[in-house]
Structures are given as structure tokens and as C-alpha cells.
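Just below sit the structures, each encoded as C-alpha cells.
Both complexes below contain chain A, partnered by chain B and then by chain C.
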Partner chain A sequence: MKPLARQILALSRLAVLDLYRRKDIVVVFVLGGVILTPLFFFTPFGMSGASRYTNELALLLVWLFSAVIGLGVSARLFPTEFESRTIYPLLSKPVSRGTVLAGKYLGALAAALSALAVFYAAYGVLAGVRQGVWFPLILWQAFILHTAFMIVVTALGLLGSLALTASANLTLCGLLTVGMLVFGQRLPSLAAAQPVPGKWVLYALHWIAPHLEFFDLRQRLVHEWPPVGWGVCGAVWLYALCYAAACLALAALIFRRKKF
Partner chain B sequence: MEIVKLEGVVKTFGPVRAVDGLSLAVRQGEIMGFLGANGAGKTTTIKMLLGFFRPEQGRVEVLGGDPCEPATRSKIGFMPETAYYYPYLNVRELLAFYGGLCGMDKGAVERRSEALIPRVGLSAAGKRPLRTYSKGMLQRAGIAQALLHDPDLLILDEPFTGLDPLARIQLRDIIIDLRRQGKTVFFSSHELSEAELICDRVAILKQGGLVSCGSVRELAGDGGQNLERIFLKVLGVDAQGGGQA
Partner chain C sequence: MSHDSSKWLFLSFAASAVLLGRIIPAACEKNMPQVRGDDVLTQVLGETRLAVSQMLLDKADEYFHGGVRHTDCEHEGTAMDHDEHDQDQDEEECAAHERFDPWRMINRRVHVQEHRHMHGAEATELLPWLWAASHISAENLQALESTAYVLNRMLGNPGAAVELLEQGIAKNPVSAELEFSLGELHLHAFNDVVKAEAAFRSALEKNLLARDASDEDTRLLRLRTLFYLGYLSKLKGDTRGLRQCLREAEELSPQHVCTNDLRKLLEEGASRR
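This part shows the complex of A and B:
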């Protein structure tokens, strides 16, 4: 293995260990299990066939927990290094700042995706037990697009972690994530209805903020609609990669200029 | 051969001139103590030696290269004043992490860890997470990570802070042993007695500028004073009252 690969691997491994040894993830998994399992055995309004309500709730929780994990890991990547002063021995090693950034990002992403895989596996099993359909294609597509969501959210968290404290970053990124998931699609129509300063702000948000609603296939999954075309999936993935690359490029610029 | 070379280095933070025209050279195989009161510019100088930032004026050269380049830093070991490291790792995992950053393979890291952990007195605590370590134990872990890749130059920021007498003796022995191996050690300290015991030369800094540099014997002159007296005299402090003379 080349030294650069060893450096990136060491940094990534640290981010994964950070997530799994800090016990936060255990809380999320336990909470997820406690909420998801009874949901799937619950018959809403006494109707045994009304599984879409429970599916919708379960998917909402999967999205919520995955966003919490993705942002939770990435938002504190650098603030903890600054607070504990471990940034000094880290940067004194023969490693470039670009490598540090890449390693930390890949580690945070790996940690977040591993948690996401567990959530989808749990959802797939529980939905299979209840409905008798095991891991349909639309579930795989939902997972694939959800990974693209994690790529964007983790990059956003990492960018904020270079400029803000962990809690401020988590709050801002959390608000942006929820806001874009809920209102992202409606931003142009909302902007058009506003008077001038508000209109500009909403249009700016429409162009700058990540359109996280692109990655959300919950409705299709819940209503058992047909899968989306793979071309659309590819385009959405490309959008995620470009957005994450822009965030990482900006983060690299900030990190390069940062004085310790 | 000069391992560290600073020529007319100036570094300012806003209106404060943290380092003001500092020129200094450290020779190969010597132990140099870098002394000064709080805010004298010691840590800022060390950060420039590690390439954390560049000076506004002057030149910094370490091991014949630019410390901002990772290749130069591959031959430098650094221990910060107080680092709390990663609380969820044990010392072996910490060394594996830093070994990876140095580009070392797993076998090399394990061999070095086997040698270093007993050397810094952490054998009994090798499997415990770092969050259970005392400040002195964290300092020992810091020494181990600094020595991991067998550097030619060791830069230590206040290495004796928080160490108990036994650990101080062990660290002193490690530093002297490194000199025996031809390594260069540059450390900042407030512990004048330790500096006097092990340093070949000391450099005394005041308000970012070098006010004195040489062996303790040279600086003492005919008076035969100890380093504490020399330090107070050079900084212009009245030993009895503690005020400026």
C-alpha cells in the first residue's frame, strides 16, 4: 500500500472509530430499534392492510436518524481536533492538509453509510416480514439515492466544521437539511410570491442550497410506485458528487488558509 | 551542520509582534533549550518550525528544507504542550494512527510500538483507553508518538509540564539517549533546572527577540551563576522583588 493510501486509511479509520466508540451511535440504533419494530407490528385504525402509514413513519425515522448521524459525525470532525489540540501533532506529521481533509471526509462518509446500511437492512427485513415483499428494486433505488444524500450532507457538515463550533454547525446544517427536504421543491413558487428582498433571498437559496429533495424516494416506496429510471438516478448521483466536490473545494481553501 | 536555521524571522498577530527579527541556528546532535517568559514567542516559533504557518519576514529552514513541505516534516518529531489525544483509543491504536499518517506499514508500527511503549513507561496501561490516563501519562503517550517514525529532529513544547519526578528522569534519559544517537532535540521550557541539566545550549527569548544564546557555562561567564540567575539577569528582572530591574 502506498503511503498516501495509508494516511487516508488511518484518518478514515479514526472517524469510524470515533462514531462507534463514542456510544452516540448505540443510542441511535437502540432508539431506532425501539421505534421501528413496534411500528411494523402495529395496525393503524384497526386496518390490517394499512401498512403505508407505518412505512411512511418508519422511513421518516430512517431519514431523521441518518441525517443526525451524517451531520453528527461530520460536524465535529475539526472542532474536536481544535479543542483537544490534537490538530498540532496531526499536522506535524508528513501529511498534507488536502490529505487530512480527504481522509476525514471519507471516514465520516464511511461511518454514516455503515449506519445507513443497517437502517435500510432493518427496514427491508421488517417490511418483508409484514408485507411479504423482500427488498424490492425501489428499496434498492431509495438506498442508492439516500447514499447520495449522505455524500452531500457529510460534505456540508465538514465544510461547516472548519468555520463553526460543533453545536453551531450541527444546528445550521440541521436546519438547512430539514428546510430543503420540506421546502426545497417549493422554493421558486415561494420566492415568486414574496416582495423584493425576500424574493432575492429565496432565489439565492434555491440556487446555492443543496436540493436534498432530489434524493427522497419515500413516496414512491410507500405507495409502491414503479422504480425511477436509472438515468435519473445517475443524474441525481452526479449532482450529489458535484455539490460535495464544491463543498470540499471550499473546505480545502479554508483549511489551507487556516492558522493554528 | 545546522539542522534548524531561522534568519530575521518576524511574525505578527494583529498589532502584536509575536516573533520579532529572530535569528537562531541549531546544530546537528545538540540539545537546545528554548527559554522565555509566557508570551515571549516560543510556541509561535515552534509552529513556524513545523510549517503551521509562514513568517511574514525572514526565512525558516529545517533539515535543509521548507517545513511547510510534508517531506521535510517526515524527519521531524513533535510533542505539543498539552494534547488530550483521542479519548476512545488506547496507546497502541494511537501509535497505529500516527504511524499510518507517517506512511509506515503495520509491521513497522507494531515493532516501534513494542519498543516505545515500555520506554515511555506505559506498558501496564497499553490497553486502557486514553480517557483514563492522567496528564503525565498523556505526556508519555505524546513522547511515544513523537518518536514513532524515528525522526532526526525532535521538537518538544514544554515537555516536562505535568510529569512526576520519575517520568522527568525517564524523559531526560530519552533526550540524552537521542543525542547519543546523533539526533537533535529542540525544546521550549519553563523548567530551568531541567534545561540546565541536559542542554548543550540555551536560547533565551524576550518579546519575540533573541536576547541570549550559548551554553550555560558561556552565559554564566566568570560569575559561575546557575541558569535561573542568568535567565533573570538576561530578562532584566530583579531576583529579590521579581520586578523589572
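This part shows the complex of A and C:
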């Protein structure tokens, strides 16, 4: 293995180990179980057979927890190193700042994606047991696009961790994520309805902000609409890669200029 | 400031607040904005509960349309019931937008843009939201009526619908709408003319007591109630009762479809004799 790849792999492993050492996923599963278990046994008006509401709530929790884990892991990487001053011994080793950044990012992404895979596997089993449909194509597409979401969100969290304080980073990234998921699709129509200064701000946001709603296939999955074309999936993935690359390039620029 | 003086200051503030809370309603009884009998907490939570109930009802509506909100739906209806000209125009407009906006183009392909309607047993999926909407706020009459409709018409469970409406009437004793819905249910689902007539009579009484009698919805409900009462009078062979309903309907709106239908019922009765 080449030295650069070995360095990146070593740095990535640390981030993954950190997530599992802190048992975030166990907490998330217990919380999900506590919320969802009573709903499985709920029979409104004595009539059973409804399953979409539990699917929707389960997917909402998957999205919420994956965003929290993705942002939490990526936003924690550098501030803890700066606070405990472990960044000095790390940079004194023969690794470039770019390698450290890439290693940290890939580690955060690997940790977030491993958690996401566990969530989707649990959801697939849950839906299969309740509805008898095991891992349909739309579920795979939802997972693939959700991984693209994690690519963007972890890149944003990492960029924010170098430019802002930890709390400001988490707040801003959280607001941006929720805001874009809720209003992203409606930004052009919201902008069109505003008077001039607000209109241009919303249009700018529409063009610049990360369109995280592209990655959200919950509506199709819950209401059994047909899958999206693979060309569209490819375009969405390309968008995610470009956006994450832009965030990482900016993060690299900030990290290179940062004085400790 | 010492710890003791802070404690006394806090206690005196709390005592003053309680005292003012007692004095103000007694002193300004006629000028109080709130409805007497409800405390502030009940009023605030009451409004919140109604808003949450409405949100849940909107969610049920979204489920009915295949998870598509009306605000997000760009093509009304499916291709089958859509006007061809409008659809062409829509597509041209969308294409024009997409030429300049790739994000919009992706969104339109990822998120479903047209809606569909639920049919038959599939409507079970609506029940959790409707149950929550009708139980969170008993004041949400629309939630109660929609739930009763889904239970009776879509899922064939009129018994549950009657039970729900009766609970709703117990909690909303002045609601003419719920009595009317109950009357329709007794008549159409159970063919129980006695219970139906009782419910329609009660709906008419409550409608006459309605605060805003000139309101269009109130007037329309009264006309529809009069039509049913006239119809039930005809079934009993009570021409006098039918005439009375027609007279009241003519006073409200002489050309309304319900008034015309009552006239037809009277004419049919007369021609048979």
C-alpha cells in the first residue's frame, strides 16, 4: 500500500473507532425503539393494516439520526484536536495538512455511512416483516441517494468546524440541513412571491445552498411510487460529489492558512 | 443583594402576581377579553390543539393524494382527468423554467409532481392520522366529519363512524353539522328513518340557534336539513310536514336546488294521489 493511502486509512480508522467507542448508535437504536414500538401495536378505530405511517416515522428518524451523526462526527473532528492540542504531534509527523483533512473527512464519512447502512438494514427488515416486501428497488435507491446526502453533510460539517466555533457550526449546519430539506424544493416559488431584496436573497440561496432535498426519496418509498430513473440518480450523485469537493477545497484552503 | 432579600423579593413578586390575578378579573369583569370559565392555560392549549389537529388532518389529505401536498402538486390530477390543452401549457412552462434552472429540473424528477387518489381498503392508511386529528381536538369538526366519511364510505364501517359522531356531538353540543352528518349516516348506511329524523330535527334546532344565522354555510346546511326532513315527511306520507319544509326553504332561498327538489317531492306526492 502506498504511504499516502496508508496515512489516510489510519486517520479514517480513528474517526470510525471514535463513533463506535462513544456508543452513539446504541443510543439512537434505543430511542428509535422507544418511539416506534408502541406505534406498531396501534390499531385506530379497531382497524389494523395501516403501515405507511410507521414507515414514514421510521424514515424520519433515520434521516434525523443520520444527519445528527453525520454532522456530529464531522464537526467534532478538528475542534477536539485543537482544544486538546493533539493537532501539534499530528502535524509534526510527516503528513501534509491536505492528507490530514482527507483522512479526517473520509473517516467521518465512513463512520456516518456505516451507521446509515445499519439504519437502512433495520428499516428494510422492519418493512419486510410488516409488509412482506423485502428490500425493493426504491429502498436501494433511497439508500444510494442518502449516502450522497451524507457526503455533502459531512463535508459541510468539516468545513464549518474549521471556520466556526463548534456550537455555531452545529447550529448553522443543522438549520441549513432542516431548512433545505423542508423548503429547498419551494425556494423558487417562495422567492417569486417576495418583494425585491428578499427575492434576490432567496434566489441566491437557491443557487448556492446545498439542495439536500434532492437526496430525499421518502415520499416515493412510503407511498409506493415508482423508482427514479438511474440517470437522475447519477445527476444527483454528481451534484453531491461536486458540492462536497467545493466544500473540501475551501476547507483545505482555510486549514492551510490556519495558524496554531 | 443578599440571598435572603432575593428570596423575599421573589416571594413578594409571586404574591403580587397572584393578588393581581384575583383582583383584575373581579374589578374589570365587563371589559375582560377572555371567555369567562376558561383559564389562560386551557385557552392557549385549546388553540394549539386545534392547530395540531388541523395539521394532522392535512397530513391525512396528503396521504389521500399519494403523499403529495396540494401546494407541491404542479399537474392537477392524473393524465386521465387532465385537460390536454392545460397539460401542454404546463409542460411548456415547466420546460421554460428548466432551461434556466437545473435544480428545479432535478427536483421535479426526484419528487413526485402529480397526485393520485386512494381507493377502498387502501384508505386504512389514513386512519392513524384521522384518529389523531379527531382525538387531539374535539373542536375540529372537519376532522370528525372527514373521519366519519372515511370510516363509512371508504372502509364500510358505519358503526365506528356513528360512534365517533356521537362522541363528537357530546363534546360539541351546539354543532348542527355533526347532527346533520349523523342523520345522513343513519339514513344512508342503516336506513334507520327514525334515528335519522331525530338527528335532522336536532340539526335544524341547533342551526336555528346558530350565532351567525345569515352565514352562507349555516343557510346551506339549513336548506339541506330541510330537504332531508321534507323527504322523510314524504316517506311517512306527511304532506303537511313536507309543505312546512318547502315553505321554510323558500323563505331561505326560493331557487336553490334543495328548494326545487322539495317542490318536486311535493308535486310527485300530489300526482300520485
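By definition in this document, the second predicted complex is superposed on the first by the 246 of 260 C-alpha atoms of A that agree within 3 Å, B and C clash if a C-alpha of one lies under 4 Å from a C-alpha of the other, contacts with A are read in each partner's own complex, and residues count from 1 in each chain.
In this text, a contact is a pair of C-beta atoms (placed from the backbone, for glycine too) under 8 Å apart; a residue touches a chain by one contact, two chains touch by 3 or more.
Because the structure is predicted, anything quoted here is derived from the model rather than measured.
Asker: Applying the touch criterion given at the start, work out whether A:R52 contacts chain B, chain C, both or neither, answering first, second, both or neither.
Answerer: In the superposition, A:R52 touches chain C alone.
Asker: Considering only the touch criterion stated at the top, classify A:G229 as touching first (chain B), second (chain C), both, or neither.
Answerer: After superposition on chain A, A:G229 lies in contact with chain C alone.
Asker: Looking at A:F214, would you say it contacts chain B, chain C, both, or neither? Reply first, second, both or neither.
Answerer: In the superposition, A:F214 touches chain C alone.
Asker: Contacts for A:V30 in the overlay, against chain B (first) and chain C (second): which applies, first, second, both or neither?
Answerer: A:V30: touches no partner chain.
Asker: Is A:H206 in contact with chain B, with chain C, with both, or with neither (first, second, both, neither)?
Answerer: So A:H206 only meets chain C here.
Asker: So in the superposed three-chain picture, is A:A192 touching just chain B, just chain C, both, or none of them (first/second/both/neither)?
Answerer: neither
Asker: Under the stated contact criterion, what part of chain B meets chain A in this complex?
Answerer: 47, 50-53, 70-71, 73-74, 76-80, 82-86, 88-89, 93, 96-105, 142, 145-146, 149, 155
Asker: In their shared complex, at which residues does chain C touch chain A?
Answerer: Against chain A, the touching part of chain C is residues 63, 66-68, 71-72, 97, 101, 103-104, 106-107, 109-112, 121, 124-132, 151, 155, 157, 160, 164.
Asker: For a test of understanding, state which residues of chain A touch chain B in their complex under the given definition.
Answerer: By the definition above, chain A touches chain B via 1, 3-4, 6-7, 9-11, 13-14, 17-18, 21-22, 84-86, 88-96, 259-260.
Asker: Mind pulling up the chain A residues that touch chain C in the complex?
Answerer: Listed in rising order, the residues are 42, 44-53, 145, 184-186, 188, 206-207, 211, 213-214, 216-217, 219-220, 222-223, 225, 228-229, 232, 235-236, 239.
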